[in-house]
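Order as written gives the chain letters A, B, C and D; numbering starts at 1 within each chain.
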């Protein structure tokens, strides 16, 4: 049931791939535009996934199976450089030399990882043995043993939750949603690889909202003896042996606590992608208070933008788990189809429900 | 430690420091604690050919009283405004306080006015009513340690000594300690920021020394106004310093360098107190760790007579540092006044080796 | 005097056994309290001795209790015990006739056939031979049953049989050998000399047709004697120690000796060694169902005997009392287990002095002091029901622990901390007496147990609320409108087996609605699994126990499950879809104002 | 030694590097449930003893982890062993057995 419709999907991560799959199934021609030379986005850098510890590569493979369709044109190492309204659709320019027309645009530009050097007091990029959760995944992916810079097997490892999230000082007041459970997952992985290493997670709240997340947390405590200490890291220092001295308040004890770890892992949050900003400027897309794209409504019109014919999917509108992203991508495909084929469902309106009052900003 | 990481941070925290023509605001307490320091500052700047006005009409900034909750902030702001008026009257635009607390107060006042011009307006009226003076805000506010930092290389070029152990040829190991109010409140107002401040580190590196990064580098010296002023709270004040000593001692520092009126005083005197109360010392051979102000250290590398710098007023003797560097000095002159008369000897501590 | 070298193994074995037994028994008697020792001496010269002999006959020889529970097992035990006993007694008489002496060698009756070839020695000699052959036949059948029980326990209706340790295995093997060897030895001799009865002579004649009996005869008697010797030597270190010990236990019990409430004495040694390891307790134990449990009463006692008892074994028990309930020997295993805990209990670290005078209540004169108990605060419907009943019936009452209370002390005792429980008990007693009430009503069977048994109130009657409500109903103060809801009643362990309160709750429930019986009730009722007595039991295993007990209770598909203990209620509520109510709630709902 | 009219304050900071985890390990071996505590405080809220005295199972759980044996001993002494905390624990922790084993451990190591 081929149609003559075309959609440009900007961003070849999870959301882009899954949305392209479902759009193509409706006979829509899809241009899947990815700036890197591979599809998969951040998922390519992640070894195992919470809560089941499935390999990320399996999900990539699943998504790749979807985008094999003939009517999906995969454009790698491609950057959108100009966009111009043309009738109901858009003329798009890729890499200064390729032009194409799309009846609708689906933006799936995802997120960036928080730059941990912004939390100077944690010493990332300054102390030898401070790494981020993303660095840790890369070490896991490489198959190499986790070691200190000095080449020792770490006896104690600390993981700090909410780095760059829920932190006005870091400029991000929102919850990144995935780090809590990533912290638990990585703590377990460390214990699985090094059973004699003590692992400490420092948290302000543990948000185990998803199905099986609580079970993972309980397993971390019961089977792996991971210690969860409620208190946000205030400052880290380096000792003479390259160990990292952590100062937190043990908030449940109401006392400051000092602990030296051999490796400190910062569970960095998700921030609006630089790419989102660039793409947003091309189309005149509105950003929400937190810098992610602003969807038309919080509850209902979650894939629609302020610009006619431009839609969103995935983590470009807010931090999302893989499960959420895939679901959102399929929803977005549906929404785009509704737009292209004039489904009545898109005619529905809802009164705007502003979120500014939550932040006391204008 | 990844040095490039620190250098990257330092690049992010650079501030503008005026080249010349300073209005100097002295500290209330430094002239008693370390009387040679401010004199040395004046001498150094003079030798550098800089123009500086040391106005005798200048008073306290009210910092101690303000932080002890005795003086309301409106009063503080009016006093500060008067100092700005003195600067304006002297035709100067670059304000240089000697005291870190003052530096903090001035910064705070200026920041407040920046956000709330109506308050500035009110203070202007207050000052006019009270003294008939008017003022312009300084174009540049820098602490006197910023000035020395700015001219650290010039000082290095003129220096007679370097911070190097003449026996071993190795750089001296220096603990740097900035005053809390230098950059912890407004990191962007201090050279290098608050986490990895560069102001003192820059001096040490320029003069040949090596800075130690020890775990408790952020910890306050314990001065804390109310902690020290109320006798019953002094145990808390000592505890703060003690925490620092215990943390830095394993690194075997040769000296501590400071840029605040309180810090050198407390880091110096509390070593004596801890030794008397608990019998513990932190330096080599049961001695202490000598503490210097940045002016004293600058004066020392420039080859000034240690006793002119007031180094004899330190509780922890500075001679080990002088000997390591190879500074020429006369032992017998240590307790002589300016007039050459003997000032007498302080009582010897019972534990701390002098 | 008849003699051959083969009598030596038997004689030496028997001698050693007697020495070991006597020395052990003396040791245990010394460990009795002075009062108990006095009781046991005095009873020798009283009617109690005859009572004891009668019970020994009934239980140790006839095994009546096992008969009642399991006839097949009873028969096996009876033929072994009574048969062997008769074999010895009749054999002795027979040998005395043959030897024409009152005092002969102790081995004479055992090996009589070897030494006495004349079957017509005296007037009733053939009669004796026939009787002895009959007894031997019964014993051989019992041996076959015993062997088959090991391998086909289902025949005897048992899910599990006891596991054996090496001492037991040797004793068991030698026991299995004794009667077949006696049969073979006697048959061989009969085959040669013609002195057998209908069994041994027939067998002997058959053996003679194909075996060189003359050369095998002595070897058979050696084997028989050796099997006896082996059995005697291993008896003190095996389950068969119960055979001689139970006789003394029965006597001591008749003499009025008991295990005291606060510590174990020599009496519990007699109890411990009286365990025949019949294994009836194993299937009773609800924890058997939960994985890997091997501390059922029989094994607990075994560990105790072998002095390898670990703390975990003493604590990993619900103390529901079902094993004590079923035990044919009547060993108070629950009490032994509880008292054993005191030996492991940490002594220090609890300090209750600061509870003195912290609790005050109003000074009104009241008739009834109501003590909800800690757990009742987690089941507020019980509180509401009880206070509602008091108010509606205009009973002057005082809710002693309305605003919190000191624990009754029983949970501490259940953990082995008897001394520390005393501090709590003293203070609690003071508070209760201060109310001036004449009746103390409690909703918690755990509190009830200790209030009634150990608080020793002079002027206060202690009642569980089920008793109290039943009493009010009988007096006519409390009137009920029954409804059609089908109810089953769960007997709380502490109220039922511990305190023997079975009827009052049933009586009042029958007046409130339709009480339907359940398969396991009264003294056979299951534990809910919530027991405070078991320290190490995990939450998962607790839930398993609860669910199993619940399934049985709900088999008749009742509308509600009624119990009389806040802990049982709370425990069942967590796993039950059928509403679980306390008896007080049921009464409160249905009372007429 | 002089006093100067004041004493040097002790650091309130818990030095977790120096903490003695012996007792915690002892208890965790006997009753691994201790690892499951999420410090929600339900136990403390229902505690019969807590109505009259400082007694918080949540704190006990923390003191144990942090090696603060003296605090632990003080906190634990009011426990009456009634078992309410076990009934309310959302993580199904066998709290009574933990208290019992803490006492055993303290005795064993003679703290």
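Operating definition for what follows: a residue touches a chain if its C-beta (ideal position, glycine included) is under 8 Å from a C-beta of that chain, and two chains touch if they have at least 3 such contacts.
Source: prediction; values computed, not measured.
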**Q.** Closest chain to the centre of mass proxy, which here is the mean CA position
**A.** D
Q.
Counting only C-beta pairs in contact, which chains form the busiest pair?
A. C-D
Q) By CA centroid distance, what chain is farthest from chain D? A) B
Q: Would you mind pulling out the distance in Å between where the CA atoms of chain A average out and where those of chain C do?
A: 65
Q. Using CA atom averages as chain centres, what separation in Å is found between chain B and chain C?
A. 85
**Q.** Distance from the mean Cα position of chain D to that of chain C, given in whole angstrom
**A.** 39
Q. Distance-wise, how many Å sit between the C-alpha centres of chain A and chain B, to the nearest whole number?
A. 46
Q.
Touching at least two other chains at once: which residues of chain C meet that condition?
A. none
Q | Listing of all chain pairs that touch each other, if any do | A | A-B, A-D, B-D, C-D
(Q) Give the list of chain A residues in touch with chain D in this complex. (A) 218, 221-222, 225, 227-228, 230, 250, 252-253, 255-260
Q. Which part of chain B faces chain D closely enough to touch in the complex?
A. 231-236, 238-239, 242-243, 273-274, 276-279, 350
**Q.** Of chain D, residues touching chain A in the complex
**A.** 12-17, 28, 32, 35-36, 38-39, 58-59, 62, 65-66, 91
Q | chain D - residues contacting chain C, complex | A | 30-31, 33, 46, 48, 51-53, 73, 76-84, 87-88, 92-94, 96-97, 100, 103-104, 106-107
**Q.** In the complex with chain D, residue positions of chain C that touch it
**A.** 346-352, 354-355, 358-359, 374-375, 377-378, 403-407, 409, 411-412, 415, 417, 424, 530, 532, 535-540, 567, 570
